[in-house]
Structures are given as structure tokens and as C-alpha cells.
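Look at the two complexes coming up: subunit A is in both, with subunit B in one and subunit C in the other.
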Partner chain A sequence: MTAALRWWGGPIVAFSLLALMRLVLPLAFVIEVLIFSIYTIGCSFLLGRVGFISFGQPAYLAIGAYGTGFYLYYFGANPLIGLAVGVAAGAVAAGIVGPLFVRLRSDYFALVNLALAVIVFYLMQKVLADITKGDNGLWFLTNIASTPLIDIARPEGFFFFALLAGLAVWALYKYIDGSVFGACCLAVKANDDKLRFLGYSSFSIRLLAFVIANTTTALAGAMYAVYLGFVSPEITSPARAADPVVVTILGGTGSLYGPIVGTLAYTGMKDAISKLVGNWELFIGFLLVFIMLAGEKGIWGTLQPLMQNALTRARARWRRDR
Partner chain B sequence: MSVPDRLLEASGLNVAYGEARVLFDVALTVSEREIVTCVGRNGAGKSTLLKCIAGFVKPTSGTVALNGASLLGLPAHAVARRGVKYIPQDKKVFSDLTVRENLELGAYATRDYRWDRVLGYFPKLGTLMQRKAGHLSGGERQMLMIGRAILGNPVLLLIDEPTEGLAPSIVAQLKEVFKDLSRTTALVIVEQNLPLVCAISDRIYALREGRIVTALEDRASITPQMCEQYV
Partner chain C sequence: MSAATEPIVRADRVSKRFGALTAVDGVNFAVRRNEVTGIFGSNGAGKTTFFNLLTGYFVPDEGTIRYKGRDITHTPVRERVAMGMMRTFQLTSTFDNLSVVDNLVLAFYRAHRGHSLLRMLLSTCRRHRDEDKVMQALETFELGARRDMEVRHLSLGEKRRLEIAMSMLAEPEVLLLDEPLAGLAESEIRSVLDVLRRNSGSQTIVIVEHKISAVKDFVQRLVVMHEGRIIAEGGYDECMQHPEVRRSYWQIETDTVAEGRS
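Coming up: the complex of A and B.
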């Protein structure tokens, strides 16, 4: 019981806080934070656990979004099936390119993924314009049917769905972190030769990690599609390729809370600064440079030890007073 | 006394790193439950020989067979799964993982979860289970690497310079562990510590400039003085 409480305690508090944010912040902002957290957690896993930096995450985000979009525009109205199609599309795409990409060194891996994002962008914008409707995008908001229990066709229902999906994804990565597979991923990052001494195929471990991470990214894409009822090539714009990497580093690489904290900070900064100044991207750029120079462990990586120390001191004081 | 069965047979091994040839027609045999030691100066090709058997370095020609089945062309992890475990010289464990997680990695790969066997050889590891492997001393790291490798009952351990830089008390402990292990497992050890080599070896191969120059097979007659000329 205590172990289960310890395992679930942190995420339940974190996601309860996100749910409470709904009371003081606009619904659209909180949903954006939830979806972007899911988008970033795969990138954080690849970077922090496996040692792969990927500038191609928009490609997998777009594949998930267009998988869902195609289903809801051309074939059906059930958003849950649409989400499943998007996630499956992401898993299949990662399974096809993964065997080629995971053989590469981290720097080449980053670039080849960026190239994939560019390819997907032009495929959706130009080559497949007949079915993707090019820059106009696919509009299917009015096609989406209601769902039982939680109606994800409505923003309030979608918010609860996103909250549960975020918690489920977080729990999956927490489970992986504590598993032998999670240890293998860290070992691949440290020295994959040494892992082979023990009888593991480092290629298989990298491939599985790659597919898991990018399937998660595709889930975020599918969620964007259902929430917005619209998909356009803008979602895979190479100009946004660095976003999940920046958020990962901003939050704290390798930590499970990092993507949530990083997304909150990044989305919050964008939201606040864009309301105050015109060229807000410039200010965001300078602010990010400052934050990363100030604490290379990221926000959560810097805050977490401080909070841990404060908690330990408070416990000691409480025991002494008793 | 029965003659132990032939376990590993390597012959005509030639290895080159680019233009530089490192091994020249090396032939080596290891029988079951035998301790074979390779001695030689730095650069003689001892570590390359172990890496070649373990599948990390591809020979330009030659054969390596385990129980008659060729190991050539197999990736390193497939060689390890056939029970040939390589323990490198650098004592680099997975420093971000705890001792327990390091052992779990060894256990999971082989589906052998009998850690008590490892703790039987190295009781000290039992007290260090939650410590990050990066915080262990050199001797403790060596214990962890050997402990991790012996999970899954390997048939052959390839150990590269296991006592390098270790305190005499740890070396003495490792000597007893190697003798114990050889009751069930064959060992090929690259080592410069000649008293240890002479105390544990059933056979010694001396390498010089990539060639085996002599094989000392009469265990009773092997002395550190005999080996000294090769190191």
C-alpha cells in the first residue's frame, strides 16, 4: 500500500494541480499544456534515457495528427477510433524508419530526423495536396461524434480525457524507468558495447525505445487533431522542430516531471510575452538562452534537490518537535 | 583422470586494425573447466584476441568454434548468449545504475535470477546493492563485473587484466574466485601478475607482437621466472 502510494503519489499530485489550474487559467491553455507534455515526454525519454537528440519530432506528431485527420475527414466520426488510427500510424512509421535511424550516432540521428520532418512537411503541403488539402488543411470539427462516459468532442470532456491520457502516459514511462528495459536504455546511453557483453542487442533496445517514444508523440498529434478538429502542414513545420527539445532541456532532461514543468514554463512564457510585446519570439529566445545558462539541469533539475532538502529539513524539525 | 572435452578452438586467426596487423595466425584451444592464461607485453595482441573470440573484432581470416559450432560472423550479443562472456579491462560499469540494477541487467539477459551465487563469491556486493555503481571502488567494480558475467552459467569467461590496479587483498580474493569458478566454467584470462598466473593457470600462452611464441602446458613446471621473459 505504502509502495503504491509512493509510486502514484507524485503524479497524482502533479496532475491534480494541473486539473486545479483549470479553475484559474483558460481551458485552451491547460489542454495545450497537457498535450504538449505528452508530446515532449517521448523526446525527453529519447534524450535523457537513450542519449538520442531528435529534431524530427514534428514528423511523428504530424503522422499521428494526419492519421486521425484522414479517418475523421474521410472515413468515420468516432474520435476514439480516430485516436487509435493516429497512434497506430505513428507506431508503424516509427517501426519503418526506426531500423534505419537507430543505427546512427546521436548527431546524425538528430539530422536525419530533421530531414524526415522536412519530407513529411512537403508531403502534406505539396505532394499529397489532393488528399491533405495542402495549406488549407483538413477541417472535420463538425464531423466528430460524441463519445460515451467522457464526451471528448466537447472541450470540457476533452480536458478530462487529456488529463487521464497524460497520467497514463506518465505511468507508462515511470514503469519503464524502473524496469530492466529502462536500465538497458540507460546502459545503451552509457556504453552499448558493454551491454552487448551481457547478451543484449543494443539495436533492439534502441529500436524499441524509438518506437515507444514516437508512438507517444503520435498520440499527442492525434489528440491535437481531435481537440482542434483541424490538421494542416503547419503542425510539422521544420521551424518548430526544436520546440520539444527546448522544452525537454528547459524542464530538465531525463526527469519524468521535466516535460510537465518545461511545458508549463514554455507555454506560459509564450502566452504571457506574446500578449505584451510584438516580436515575442525574440524575447523568448533571449529568455531561453538565459535560463539554460543559469541552470543547465533545467527548471525541475534545479528545483527538485532544493525541494528535497527543504522537505528533509522539515521532517527532521517535525520529529524533533514531537 | 579423464581428459576434459575441448570447448573452444581458435585457429589461424589474423586480425588487422586498418593497415596495422595485430594478430598473426594465432591458434588457441580451451577445454572445459580449464584456466588458460595469456601473457605478453603491452601491444602483444592479448586483448584483441579476447575481443576477437567475443565477437567484437572481426578477424580477416581464421576460425573460432565453441563446441564445434563456429562463432565467426555472430554479433557480440549472440556470442554472449551462447555462454561466452567478456569482461573488459577498463572496469567501466554502468555508473548511473545501482549495483542491483547492474546485476539485474546480467540476470535478465540470461533469465538467471540466482543472485545468491554471485553474493556467495562476493558477499560485499550484498551490502552495496542500492549504491550507484559509479561510486564503487576499483575492486568493487571488478567484483560487480565478474558477478554480472557469471549469471546464467556461462561456459567460458574471457577476462581482460582483472587484477590491474587492485589491492593485494582483492587480488587474493579474485584468485580464489577464479579457482572456484573453474569447477564449472572455463576461463581465459589476460594477466600481467605472474605469481597469480602461475598459481591458477592450467595452460599459459605467451604472445609477442601478435604471435603465440610458446604454450606452457605442464602446470607443475610453470614458474614466474619462466614467464618473465615474455612480459
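Coming up: the complex of A and C.
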């Protein structure tokens, strides 16, 4: 019982804090943070745990979003089925390109994913314009039917759903971190050859990690589609290709809560700075340079050990005082 | 040839070329069950290349490699491991970003729990850290005090012991060690050899070594390589007396003379 409580403690505290933010911050901001965190955790897992840097995450985000978008525009009205279609589309796409991509070295992997993002962008913008309506995008906000229990067709209901989805995703990644598979992912990153010579298939481990990460990314895309009620090729714009990588590094690569902290910082700064000056990207650029020079640990990577120390010290003091 | 005397690993006329260089040149080689075989030679003699051919790191240009009579020349590494061949690397090869115990868990898991991805996803490392075999390996290789330390913080000797512990955890039928003593201090050499000796007699071992004097009491049969070919094989003394060995390795000659005198 206490073990279960301890295990769930971290994710529950994190998402309770995000829920509390709703009291002081606009709903749209908190929802954006929730979805973007889910978007980033796949990238953070690939980069920090498996050693793959991908500049093509918008491709999988778009595949999820369009999967959901096509369903809600052409076929049905249930947003939950829409989400399931988007996630399934992401898993299938990752399962198709994965066997080709995960054989590549990390630098080629980064570029081949970027190429995929460009391909998806032009497919959605030009080639499939008949069904995607090109740059105008697909609008289906009014098509979305309300759902029982939590009505995710309404922003308040969607917020609650996004909190639960985030909690589930974090629990999943926390479990993976502690699993034998998670250790294998780190092993792939450190020493691929050795893993092979222990008798593991590093190819299957990379492939499964790739599919898990990009299915999560597709979930974020599907959530954007349901929340915004529309999708356009803008979602996979190559100009935004580095966003999740930037947020991953900002938060602390490969750490469990780095993506949330990074997203908060990134989205917060974007909102705050863009109100004051036009070129907010410039500030993010300088900040990134600073973070890399300061030791590559990111915000969470720096804060977490400090907090851990403080906690241990506080505990020791409490024990002594008793 | 009966099953008992049939060599467990056998190489027939195996060659490997890198461009113009013939690194391994028509080598015939056999490892008998439960015997410790040493492959010895100077740098560039082709030992490590030959070792890489046996373990499947490279595929030979010519010749065949057999394991228990079965042709494994083109068998991938993973299957060779499943059949019972396990190797270590000359540059110690561990997972530096994992703790000592998790390195052992990964070695243990593959050998005793299989490689189903779903099961790997569902089972936690924590549950396997207290397995008897993992705890025993920590104790045997004197790594207990380093149990939860990340491997990047270990000394070279400790990493070597860990790597050998990992290969032994898999309980291979043939253990292939690539220069397990390179770069170690005298005391560390002794502790590594002690551990290996505990299992000799019931374990087939192939050991590549540059510093032959360190392992001369340990190996039962020796193969001496020079310029890609085997120039002598047999017992230690027999090999050292071999005229071609003496000619190719004047270093040994002076060594043995010095030892004879003392």
C-alpha cells in the first residue's frame, strides 16, 4: 500500500500542481502545457533514454492529428473514437517507418525524421489537398458530439481529460523507466554492441522504443485536433521541427518530469516575452545556449538534485528533533 | 570421432582480409570441452581478428566455423549467444549509464528469462536485483560494495570483473575472453584469475592474451599466432620451445631463458 503510494506520489503531485495552476492561469494555457508535455515526453524518451535525437516529431504529431481529424470530419462524431483513430494512426506509421529508421546512426536518424516531417507537410498541404483542404485545414469543431461522464467536447471537460491522459502517460513512462526494457534502452544508448553480445536484439528494442515514443506523440496530435476542433498543415510545419527537442533540453533530457518543467518554461516565456517584444525566439535561443554551457542538465536536471538534498536534510532534521 | 572428443568449437581454414592485409590466413583451430585454450601472439598477429571471427563479430572470407559440429559461419551473434557462446571485449564493455547490479540484471535476464519484449516491458529491474544468481555474482566478483554505483565510476579492474561476472551469469558453454588482463595491476590480475580458476575444469574457456606469463599456469593448451597464421600449438613449454616461436618472438626467448636461470 505504502509502496504503491510512494510509486504514484510523484506523478500525482505533478499533475495536481498542474490542476491547481488552473486557479490562477487561463484554461487555454494549462491545456496547452498538458498537451505539449505529452508531445515532448516521447522526444525526451528517445533522446535521453535511447540516444536518438529526432527533428521530425511534428510528423508523428500531424499523423495523430490528421487521423483524428479525418475521422471527425468525414466519418463520425465521437471524439473518443477520434482520439483512438489518431493514436492508432501514429502507432501504424511508426511501425512502418520504424524498421527503416532505427537502423540509422543518431545523426542520420535526426535528419531522416526531419525529411519525414517535410514529406507529411507537403502531403497535407498540396498532394492530398482534395481531402485535407490544404492550408485552410479541416474544421470539425461543431461535428464533435459530447461524451458521457467527462464531456471532452467542452474545454473544461477536455482539461480534466487531458490531466488524466497526462497522468496515465507519465505512469507509463515511469513504469518503463524501472522495467528491464527501460534498462535495455539505456544499454542501447551506452553500448549497442555489448547488448547484442549478451544475446538481446538491439533492433527490436530500438523499434519498440520508437513506436512507444511516437505513439505518445500521435496522442498529443490527436488531443490538439479534438481540443482545437481543426487541423491544418501548420501543425507539421518544418519551422517548428526543433520545438520538442528544444523543450526536452530546456527541461532536462531523459528525466521523467523534465518535459513538464520544460514545457512550462517554454510556453510561459513564449506568452510572457511575446507580449513585451516581438522576437521571443531570440530570447529562447540565448537561454538554450546558456543552459547548454551551464552543464546540459536543463531546468529539472538542475533542480531535482537540489530538491532531493533539501528533502533529505529536512527529513534528517525532523528525525533528530523527535 | 565420438561426441566426447569432438571439439566444441572448430575453425577450418578460416581467412579474413582487410583490403590488401590478410589478418587471418587459413587458420585451423579447435577447442576441446572443459579445456582452457589460450591464443597468444604479439600485437597485430591476428588474435583479436580471429577471435572476432569465432564470436561472429566478423564473417570470414573463407573457411567454416563449427560449434558442436554445426556450421555457424554465418550465424548471427544473437543466435551464437543463445547456443552458449559468450564473449568479453578487449576494451571493457559494460553499460556505463546503469548501476552495477542492473548490468548484472541484464545479463541474467536474457540468459534465464528470455527475450520476449512484452515480458521485458512488464517486469521491473528491481524484482531481479535480489535473484540468488545476481547476488552470488556480486559476492564472487567482490562487487557488493559497488552494487548501486553507476558503472562509469568504477575502476578498470572493477569493470573487468563486472564484465566477466556478466558473461558468467549467462552460464555459457564456451566463454571467450579477449585480453581480460590488459591494463590491470598485479593484484587485480590475481583476483580476476582466481575467479576464473574457480570455474576451470567445468568451463570451456578461450582466452586471448598478450602477456602470456600471467596466464601460463591457467591455460591448458596454447596456440601461438604470427602474421595471421598459427605457428605452434600444444602445451606451454612445448610452444615456447618451438623454433618458429623463438624466431618470431625473441622477447619470449629471453623471458624463458631468464626464468630458466632463476
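Methods note: the second predicted complex is superposed on the first by the 319 of 322 C-alpha atoms of A that agree within 3 Å, B and C clash if a C-alpha of one lies under 4 Å from a C-alpha of the other, contacts with A are read in each partner's own complex, and residues count from 1 in each chain.
In the analysis below, a contact is a pair of C-beta atoms (placed from the backbone, for glycine too) under 8 Å apart; a residue touches a chain by one contact, two chains touch by 3 or more.
Everything numeric in this text was worked out from a predicted model, so none of it was measured.
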Clash-or-fit label for the pair subunit B, subunit C on subunit A: clash
Which superposed partner A:L208 touches (first subunit B, second subunit C, both, neither): second
Per-residue contact with subunit A, leading partner among subunit C and subunit B: C
Touched partner set for A:K194, first subunit B, second subunit C, both or neither: both
Which superposed partner A:R22 touches (first subunit B, second subunit C, both, neither): neither
Contacts of A:K297 with subunit B and subunit C, given as first, second, both or neither: neither
Subunit B versus subunit C as contact partner of A:K270, first or second or both or neither: neither
Touched partner set for A:K133, first subunit B, second subunit C, both or neither: neither
Subunit B versus subunit C as contact partner of A:V180, first or second or both or neither: both
Subunit B and subunit C contact sites that coincide on subunit A, given as residue numbers: 180, 183-184, 186-187, 190-191, 193-201
Of all residues in subunit C, those that touch subunit A in their complex: 55, 77-78, 81-82, 86-87, 89, 93-98, 102, 105-107, 109-111, 113, 115, 117, 119-126, 128, 166, 170
In the complex with subunit C, residue positions of subunit A that touch it: 175-176, 178-184, 186-187, 189-191, 193-201, 204-205, 208
Subunit A residues within the subunit B interface of the complex: 180, 183-184, 186-187, 190-191, 193-202
Parts of subunit B lying in touch with subunit A, wherever the complex brings them together: 54, 56, 75-77, 80-81, 85-88, 92-97, 101, 104-106, 108-110, 148-149, 152
